[in-house]
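Chain lettering (A, B, C and D) follows the sequence in which the chains are written, and residue indices restart at 1 in each chain.
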Amino acid sequence: MARVVVDVMLKPEILDPQGQAVQGALGRLGFDGVTSVRQGKQFVIDVDGPADETLRGRADEMASTLLANLVIEDYTVRVDD
Amino acid sequence: MARVVVDVMLKPEILDPQGQAVQGALGRLGFDGVTSVRQGKQFVIDVDGPADETLRGRADEMASTLLANLVIEDYTVRVDD
Amino acid sequence: MALRIGVVTFPGSLDDRDAARAVRLAGGEAVALWHKDRTLSGVDAVVLPGGFSYGDYLRCGAISRFAPVMAAVVEGAQGGLPVLGICNGFQILCESGLLPGALTRNDSLHFVCRDQRLRIESVTTAWTSGYTAGQEIVVPLKNGEGGYVADQLALDELEAEGRIVARYLEVNPNGSRRDIAGISNAAGNVVGLMPHPEHAVEPLTGPTTDGLAFFTSVLTRLVRS
Amino acid sequence: MSVDTVKNATATPEAVQPYAELGLKPDEYARIREILGRRPTSSELAMYSVMWSEHCSYKSSKVHLRQFGEKVPVEAADVLLVGIGENAGVVDVGQGYAVTFKVESHNHPSYVEPYQGAATGVGGIVRDILTMGARPIAVMDPLRFGPADAPDTRRVLPGIVAGIGGYGNCLGLPNIGGELVFDPSYLGNPLVNALCVGVMRHEDIKLARAAGEGNLVVLFGAKTGGDGIGGVSVLASETFDAHGPSKRPSVQVGDPFTEKLLIECCLEIFAADLVVGIQDLGGAGISCATSELASAGTGGMHVTLDRVPLRDASLSPEEILMSESQERMCAIVEPVQLDRFLEICAKWDVTVTVIGEVTAGERLVIEWHGETIVDVPPRTVAHDGPVYERPYSRPTWQDALQADAPTPERLARPATADELRATLLRLVASPNLASKSWVTSQYDKYVQGNTVLAQPEDSGMVRIDEQTGLGIALATDGNGRFAKLDPYNGAKLALAEAYRNVAAGGAKPLAVTNCLNFGSPEDPDVMWQFAEAVRGLADGCLELGVPVTGGNVSFYNQTGETPILPTPVIGVLGVIDDVERRTPMGFGSEGEMILLVGATRDELAGSEWAHTVHGHLGGLPPEVDLGRERQLAEILVGGSRDGMLTAAHDVSDGGLAQTLVEMALRSGRGARVFLPEDLDPFVALFAESAGRAVVVVPRSEELRFTDMCVARYVPVARIGVVDGAGKGAVLDVQGLFSVALGDLEAAAEATLPALFS
């Protein structure tokens, strides 16, 4: 049993209205000094079998084919057991 | 300049339709052995000042008051510089 | 015999019946296609209708893009088959790479349903030949993720090649770059549109009948060829 | 720990059980022991406790709701195909079509978790309609909130609106109307009512019955999880203290995509005629579905609970029985039909499991891994719950409230033309009267391509047959301030307004649904308000000849000791033979005549003016004359059928002034208005007398129309002419003041975005 965690974020140059809304709200709540907020997605995927290179490869494939849209998003993949 | 990363996940007992949809799609794409998928949100927040205890405390406050809906979600906070 | 236009139903498609009605009102025969179909049963054109396929849970169109029928649609499109993607259909076309760019969350962060004024910018596509260049029309718009984005290069290219099919007038309802409401591929047979022409085909149920020409355009085009 | 079996329960009669924590009273627990002749197992206790909760058993309201079955109008015989008691009533609208509709509350869950609470409220009512065999075709959402500028309103309103839109839009159901009302009494307890309407052919009506020994009990849809255990049912039967609900069960999360698949799956199953009976799973989940199916059926039922597909393997049988996981249905299927049934579920990717069968006996038996954990007479769970004769008495403060009338001496009235103009602009911008488009633009009103009228029109109208043009119309209304001043007449006024709104669109009112939102039934004052409102609604429906087909009661809507305004939300369904004949609300064409139908009196108690300008509530609500309402409706429907009307809009909240403003803004046309000489201008503009509508007719039709009114002794007066269009247009109240449409629009549109964007 291994766990794959994929974080997906909008590319820096893509406008992130959700992040902006959060930043605005934090300001109104009196949290100051916040210079930027970006909101992304996180996928936690449990997979049978070992946390090995093969899995790392497949995880990367999952991310690039399905979980992230590379036109607008970047992703990072983590595999732990 | 410090960076706060808040991961927000639906509580385990709460239905996660998005995770289910992703799990189904992964199956149809031939990624087998996937036993569970949960989809959460990730907030990356840049803040002026040091990555110290105070910030850790404020970050936790941000998460519990605004970023996570504690009725249905759990969160984890990470602070790096 | 009437020309046959396929309307694909994905799990979660909502405007498939409406698209079929629009095809009929335009004088065509609507053929129901199922997401698991591997062929297009010989239709002369295809509409990917609006809706929330797979709940739009991951990204709009991200999962439908892998439906068996899409392989046939992509193949057909590359061979010149007219394809119109409306709203969710537009999102599927972008996800599947038939059209450049992507559609992102409305800048208002709200789903918006409104009667939207558009300018038809390109009348050379298979789906807009029935309009006059620069014609202004009003059709319903309803989406939560309709903000069109692409990098500057891609946007400039779309402009230069006259592939921006329609632009928002008066209000930009979702933060689309350069007010883009719809685009086409280089050949002009594949069109993606965020607003809903199929909801503007009857005076009784739509704000106008301005949308009908999308469907009559493709039918006349097909008759000629 | 081992499960509590029937054998075990019989062996350990003295075991102490947590019935109080589950919301059962000592006498109720005693009655369960008496019914079973032993102590209940923990599973049985779970079932009885949810099914006997206020929410599921209607134990406090039953004795009053009976009136809907007793005071039945003769017309009911012609229109009612299925009456009260089923998941929703069914009405004959002609041409072989049957329509089912119902409004339900999801108030408390929406307060705890606005988005999901409201979303699952829509999901639940849609399944009620689907269960009848109908294709859902539209939704509506009557909403009530605290003061628009209160922080907690800002907390809940955007989420509730997003939840209703998020779920309804994703199902492809047009939202064709609703209500949005602000009043301080709802601050700690907003009201989220959801209405759904569906259509089927007469022969396709389905009922919740388990018949035919050997037939299979099939559970399909979402897997069962730990969410919402005891949710709606327990929560909705609990008073909130100032710090929110005293019980806060885990919230249900809705999955509209799964529900959409479930809808299409069910409709295909119905089309193939594969079910003997069917029941949706809502409050009380499997406990409710199995006991109601069995209770309404011919025999008993045997269920193997461990076959239920789970999302969380650790759930106990008690939890599985109580779980309120959404998007589930339970059908009774003949064995020969099962394969076809499974095929269709597979096509739509719907999880399906045979969990039991209909048996010869009279008992509902549920087994868990081979041991019997439930063995009960289903009727005692589903239909023979406790019935309370709650004490009620006219509140001691009622007389003082009614005596405090908004006389000119009591409340200063605008006198000069400038004051009248300022008052009009202030009311137009007030949250209750301002444009609702910030809310309604988040709802898809076009999907399905049959929406003929939708917000901001008086009623929502949907075409149901593209060939013949047959259509239905729906409106919901409920003025809590009127109901507080006089619950009996307040309920009649709510009914009258919804009835009028349907007729204004050109549809003939046919039938009624209702959602009765009140405070605690344990408070005699509240119980009196409830009893009076039910009596008023029953009498009103009798007088108007429109039967009540169903509805929903929501009690315990209060913060601490303070109940909400008594809020009966009434939905009226109408039918129109050809939707081409519909009457929109916007001013017609240049030069057409504007007529006021109905009589205006000095009636300002409970009005928007008294509320907004003076924060005053007192006096007696407007007089309600349902005979007159009936004639007005005949005039509006006849006028539309005979093509005399280019526009009609009912006069209600805000009075004639607001009605004219809404007609002007809807059409972008101005008007010259001359108020009746015999009336004080303030009264003419702002009184909220019932039984009125403004219509627009071409000059050529004016005489014919007025003759029709005179023939019915209904007062009618020409009050203006449609004049001017576009930016320059004005609403000109002759001899008093005039306002540019641009200013009216700015005032009407700015309010909600400023508060909630």
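A few points about this structure:
What we mean here is this: contacts are C-beta pairs under 8 Å (C-beta built on N, C-alpha and C of every residue); 3 or more make two chains touch, one makes a residue touch a chain.
Predicted, not measured: the structure shown is a model, and the values here were computed from it.
A count of C-beta contacts for the chain pairs B-D and B-C puts B-D on top. Computed centre separation for the pair chain B/chain C is 35 angstrom, with centres defined by C-alpha atoms.
For this pair, chain A with chain B, the centres built from the Cα atoms lie 9 Å apart.
With centres defined as mean CA coordinates, chain D is found 41 Å away from chain A. Residue positions 66-67 of chain A are each in touch with at least two other chains. Shared interface positions of chain C, i.e. residues touching 2 or more other chains, are given as 54-55, 57-58, 62-63, 66.
Within chain D, the positions touching two or more other chains are listed as 255, 257-258, 349. Applying the touch definition to all chain combinations yields A-B, A-C, B-C, B-D, C-D. For chain D in complex with chain C, the residues that touch the partner chain are 162, 165-166, 169-172, 255-258, 260-261, 348-349, 440-452, 463, 466, 579-580.
Residues 17-18, 21-22, 24-25, 28-29, 39 of chain B touch chain C in their complex.
Those residues of chain A that touch chain B in the complex are listed here as 1, 7, 9, 19, 22, 25-26, 29, 31, 33-49, 58, 61-62, 65-67. Listed in rising order, the residues of chain C touching chain B in the complex are 54-55, 57-58, 62-63, 66. Residues 10-11, 13-17, 20-21, 24, 69, 71-72 of chain B are the ones touching chain D in the complex.
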